[in-house]
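Have a look at these structures, which come just after this line.
Look at the two complexes coming up: subunit A is in both, with subunit B in one and subunit C in the other.
This part shows the complex of A and B:
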């Protein structure tokens, strides 16, 4: 008498390298145990979820609830982090759910290309680097009490100056982004620059100028970190700041297998 | 200020996570799959979450 359930899939491993022991200490997005669904040489990392929470309509409703979302997103990542620790893993996007185990097997057998993706990420992990530029101090208050003509001219001059400054900053940001991305990509197996996030999303005062991910061989991670430190040392005094995150499962480097 | 910047730091990590977990990774059609529009919704939700730990003040006071 179980409630209607689905199978939530986190990602895929090679069956030969996967054991459920990898996931002994982590719970799934719905709190239950994480298991493996095997088909041929592939193993899907999966757990059962109630459709009352993860069904088509329910999940859309739940996505609007930040508390629900945070807990599930963190759970999804914990499961994949456990996998990454043990073996190469191809991460799936959040919210890929099948009605039963049979459908999960069908998915595996229909996407043998996942094996190729697993080979590609072997011995490599994703590192994220974001670059921020310190916020400029607000412009000085314009002087008060002027006659209309000079106030008007002053206003136009101020506007022009502000536009010029903004252009200069844009050019500088683009140049720093290019420079950092080239140096980081040089020690990575693959690199991708993602769209910059506006302040409303980043939640920060600084302006983002780089939002990139790098697929780095594990034996070169130290070297990669040294490049980030060098960038910080060189551009830090000029207002730039670099943030390194990871290692992550290779979210940015798994092309959709045909 | 220390505790609220710690909270902000925590959120940046969550955002970093959401950026990957919801926007990247292999997208296969499951019996239930989220669309791009669904994911956009998440950012709306996330903004609420960021706001709930004090970022809202920054957003509101930030010059536009």
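This part shows the complex of A and C:
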């Protein structure tokens, strides 16, 4: 045990299915190799991290740096993506760090329920679906003032019309989200609808109306994709657009052990 | 209406050689989902959660801002410790407004 190092844990696999070769091509959050820490039937996916970067004070400071955080979050995700291609994996949230390998083993032995979680996600992967509504051309041309009274009146009418349109669009979005979610959930083992991402986050002009995750059996992935394509074909001409992401490790479908 | 840089959140990470994962989708999962087990290093999850949202707000505009030489999020008072209440309040308002208006964003911009 080195004084300056900690152990960062990405997630767990079943020891019987885990080999370090799975992580041959990926680097850990601190750039070093990814290894396995085994206890009983569980294997923690871990890597050594310098406490100068991941220690209690240092990490709080580093978390405030978007560039630092983005690089580490992506590294975390790449490690788990590599695991996903090889075996069922239960992903941990970012930033689970132990002082030494022994503590990682203790964590595994204290959370035997992780094996149950691994069984639950066996043969299933998470797929994400986002629904977008095409941006309508901003037809709220502000009235050019001919005289003050008509301009004021037009302004109010315009405002009322805009509110009515917004309400209609809200109702439309809710209906489409419900419809899509129901159809997709029907071919999934589990489903969850998450908070919508605002435009600044999604990086798109279209308004998001669905941001959901589905736990899909691998043998039904093709069917799931067909449902997405069917939604696109049916609602696309009316301005809806669906985007499939993943497969992801089952981030949305693991529960915290008690 | 401003047009967010579409390429801003598309950095090269792929699953199974498919389309690149967007940063917002990765952040949402890695920081907000997944199993939470207490490690030896105590990280205040509230800090992370607030940061996540804060970062999410930056994701799409960060690249564009960098192009213009703006890094206003660095040294942002909202990220200072002890400012959580202010940040939380602001986030609530932002969440209520479906999508940010330019005006909302403007007050945290420091271009001059």
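Just so it is clear, the second predicted complex is superposed on the first by the 251 of 258 C-alpha atoms of A that agree within 3 Å, B and C clash if a C-alpha of one lies under 4 Å from a C-alpha of the other, contacts with A are read in each partner's own complex, and residues count from 1 in each chain.
The definition used in the following text is that contacts are C-beta pairs under 8 Å (C-beta built on N, C-alpha and C of every residue); 3 or more make two chains touch, one makes a residue touch a chain.
Small disclaimer: the values here were computed from a predicted structure and weren't measured.
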Subunit C versus subunit B on the shared subunit A, clash or fit after superposition: clash
Contacts of A:107 with subunit B and subunit C, given as first, second, both or neither: both
Touched partner set for A:251, first subunit B, second subunit C, both or neither: both
First, second, both or neither for A:172, with subunit B first and subunit C second: neither
Which superposed partner A:35 touches (first subunit B, second subunit C, both, neither): neither
Subunit B versus subunit C as contact partner of A:198, first or second or both or neither: second
Intersection of the subunit A residues that touch subunit B with those that touch subunit C: 6, 9, 11, 54-56, 59-60, 63-66, 69-70, 73-74, 76-77, 90-99, 103, 107, 111, 114, 117, 128, 138, 194, 197, 199-205, 245, 248, 251-252, 254, 256-257
In the complex, subunit C residues that touch subunit A: 1, 3-11, 13, 15-16, 18-19, 21-37, 39-44, 47-48, 51, 55-62, 73-74, 79, 94-95, 98-100, 105
Contact set on subunit A toward subunit C in their complex: 6, 9, 11, 54-56, 59-60, 63-66, 69-70, 73-74, 76-78, 81, 84-85, 90-99, 103, 107, 111, 114, 117, 128, 138, 194-205, 207, 245-248, 251-252, 254-257
Parts of subunit A lying in touch with subunit B, wherever the complex brings them together: 6, 9, 11-12, 54-56, 59-60, 63-67, 69-70, 73-74, 76-77, 90-99, 103, 107, 111, 114, 117, 128, 138, 194, 197, 199-205, 243, 245, 248-249, 251-252, 254, 256-257
Sites on subunit B touched by subunit A in the complex: 8, 11-28, 30-34, 38, 41-50, 52, 55, 58-59, 62-63
